[in-house]
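Shared between the two complexes below is chain A, which has chain B as its partner in the first and chain C in the second.
Coming up: the complex of A and B.
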């Protein structure tokens, strides 16, 4: 797990490395403050508030995972450090897995930071545990899938610029129906198909059903869980394919 | 046929990239343990590809290769355990210092922490970085980074060390330091060293065997003397004798009991004769004959092709052959002869 430790150490080595946690905390604080104090937003019931915050947490987790994972290998190839890593007697796939684990750890930290906000916003309701549980489970599955997919892009494209751009586009496609589609577009055939095949939409719709419609059992969420799990399994296959036989073809 | 020694051996090793470009074509290599092997070739000749194949960073398209007794394709991880590589333009984690950097790599090689710390202290001392060991690598000069890269390459106590252009971009002092370090390393630990270089002088100084590659194909291999022979070198001497109008030196030379080719004959204050293709015995007869006629020999200089001449001659031949095939006929290039 030395590469994993190195990645984590690199991510938090200086205040700059850990800046994203401070920014994430500020975003959560701002959203929570607005939800509680803004005249219009404070009219939402607590379930809606938690659902809004849950969406932001998952979206932030996905964005951080996509950017970090998509540049993790291509960035090292470009800076000339990866050739040295490949020389050590560790299988390439293990190296890639340790890098994915470090990205998932970043999500874990983000998740720990967001827990107090979820608990505070659910004060006085029975949504504290479901919100923490479902944000955790959907966030972890989606972040794992996105990390695997983004690191595969990083391996395949071997260019940070291209892999980061492609990963961000994938994230935008995943988040578009939930964050950018209006209710009328969602009701079109295109909107319905996109929502049904989109794992991020399933995760967000699941939060909606848990926190707004009070359907908190796992059984009630099995379709959504199955959809995000299929996405993650697909990403695992892509990852296994991309890590099967890596060759350092690009000259620095 | 592959020689299964504990050095480096390849048989018909070939690398084709996906775009159809053949970077290496049927390389047959045999490097004995303890050798310092210089690998020469122009830009794009296939030197880096060869090193990457031998280190397991690339998979061969065909052919076989063994490094330290292990198959480069099937026993890739075992190969990596016994080799070290200093790649060309090696990158560093600039936020780390030298000690942190080497500790990280020691941990990747699963070297015990105490052993690693002792080894790192020793290595940093040897490569002359002990005084900067806690300075972030971002502040290092190119020469210092190269020395740190060298320390990393031998951190795992490799049996075989690969170096891709180890002195590229270094000042003369930095180059000399690296060469001295490598020679010492080879002498003390009998490490097999395989290095590629453009710097012909350093190859001549360092390597006991030299391979020349061009357009992905092996052009020649051998010791410096063997390469001279392959490049068409015949032994030559230049004899400077005092001019004597009474004696016909050419007549004397042509009366010798063996055939000599007089390549250059300049009659000024002294006579300058270059004689090709001679043996030591013939040289002694020649001297005795000239002295027998009381001719004063002012100077005898043995002329050898230096590595630069050999390199250009051998790579030129290949280039000419290729370009001839494309219908282009190049004018032959004169080879300069220099005294060693």
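Coming up: the complex of A and C.
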């Protein structure tokens, strides 16, 4: 787990490395404070407040995972340190898995930071446990899938600029229906198809169903959970394909 | 051809009934004079934002004949801002479709609406008959609705979290940085 430890130290050992988590916590603080104290926003139902914050947490987690993972291999290749990593007597696939684990750990820390905000917003309702649980479940599955996909892009494109740009575009496509489409566009045939095949939309619609419509049981969310799980399994296959015999490809 | 029978009362004239023969003249017999919407809810309602209220009424076919159906819906107008309200957030049920009315039939109408925003509103139930484009909609009397603002939580509850979490994180990174600096001899 040397690569994993190195990545984690890089993220948290200096204050510069950990600045992203402070900025993320400031975003959560700003959103929570505005939702609870702003005259207009505070009129929102608490379920809707939690749903808004849940969307922001998941979106932020996906963006952080995509950017970090998409430059992890190509960045090493560009800075000339990749050969040194390959000298470590472990398979390249294990190295890539350790990098994925480090990205998932970053999400884990972001998730721990967001829990107090979810609890404060759900004060006085029965949404505290469901909001923490579903944001955790959907966030972890999506972040794992996006990390695997972004590292695969990084391996395939071997250029940080290209892989980061492509990963950001994929994230925008995934988040667009939920965050940017109006309700009328979502109801069109195209909107319905896009929402049905999009794992991020499933996660956000599930949060809506749990926190706004009070459908908190796992049974009521099994369609959404199945959809994001299928996405993660697909990403695992892409990852396994891209990491297959990568050492030989580099040698060639 | 339509014949209207007027019956002379001792003091007043009343239209007692329509004796209708084919063909029907829709100018005289249309939804606006043959259907009546009666409110069952109170004509005044005072609530707090976030609260739910029920708007209940009933629609009655005054005609002895079967009438065309249509769509019953509610209208909410913001009196203060003088604009109609988009029902998107207020009510899950936007309208009720009634296929037709049997002679003298009365049907219940009910909506559950969530009071989203503070303000003063006028709420009424409307009914548009299917296909009769020249006839005006049938309307109920108005409900005067006053929605008071609701502050879900005391702002003080969020302040310790809003300032505390970033503060703790800055503190942790500060300590880590200091430990690292001491190891490297920066603070010696």
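In the analysis below, the second predicted complex is superposed on the first by the 246 of 252 C-alpha atoms of A that agree within 3 Å, B and C clash if a C-alpha of one lies under 4 Å from a C-alpha of the other, contacts with A are read in each partner's own complex, and residues count from 1 in each chain.
Simple rule for what comes next: contacts are C-beta pairs under 8 Å (C-beta built on N, C-alpha and C of every residue); 3 or more make two chains touch, one makes a residue touch a chain.
Predicted model only: the values in this text are computed from it and were never measured.
Novice: After lining up the shared chain so the two structures overlap, which partner does A:127 touch, if you call chain B first and chain C second: first, second, both or neither?
Specialist: Touch partners of A:127: none, neither chain B nor chain C.
Novice: Contact-wise, after the overlay, does A:183 reach chain B, chain C, both or neither (first, second, both, neither)?
Specialist: second
Novice: Name the contact category of A:20: first (chain B only), second (chain C only), both, or neither.
Specialist: neither
Novice: Does the superposition put A:231 against chain B (first), chain C (second), both, or neither?
Specialist: The answer is neither, since A:231 touches no partner chain.
Novice: Under the stated touch criterion, which partner chain does A:81 make contact with: chain B (first), chain C (second), both, or neither?
Specialist: First partner only, chain B.
Novice: Using the superposition on chain A described above, determine whether A:10 touches chain B (first), chain C (second), both, or neither.
Specialist: So A:10 only meets chain B here.
Novice: According to the stated criteria, A:32 is in contact with first (chain B), second (chain C), both, or neither; which is it?
Specialist: Second partner only, chain C.
Novice: Name the contact category of A:111: first (chain B only), second (chain C only), both, or neither.
Specialist: neither
Novice: Taking the stated contact definition, name every residue in chain A that is touched by chain B in one complex and by chain C in the other, in rising order.
Specialist: On chain A, the overlap between the chain B and chain C contacts is residues 13-14.
Novice: Please name which positions on chain B make contact with chain A in the complex.
Specialist: 17, 48, 52, 55, 57-59, 77-78, 80-81, 83-85, 87-93, 95, 104-105, 107-109, 152
Novice: Which positions of chain A touch chain B when the two form their complex?
Specialist: 2-3, 6, 10, 13-14, 76, 79-91, 245, 247-249, 251-252
Novice: Name, in rising order, each residue of chain C that touches chain A in their complex.
Specialist: Per the stated touch rule, the residues are 49-50, 88, 114, 116-118, 149-153, 155, 157-159, 161-166, 169-170, 173-174, 176-177, 180.
Novice: What part of chain A is in contact with chain C in the complex they form?
Specialist: 12-15, 18, 21-22, 25-26, 28-30, 32-33, 36-37, 39-40, 42-46, 49, 113, 116-117, 120, 123-124, 183
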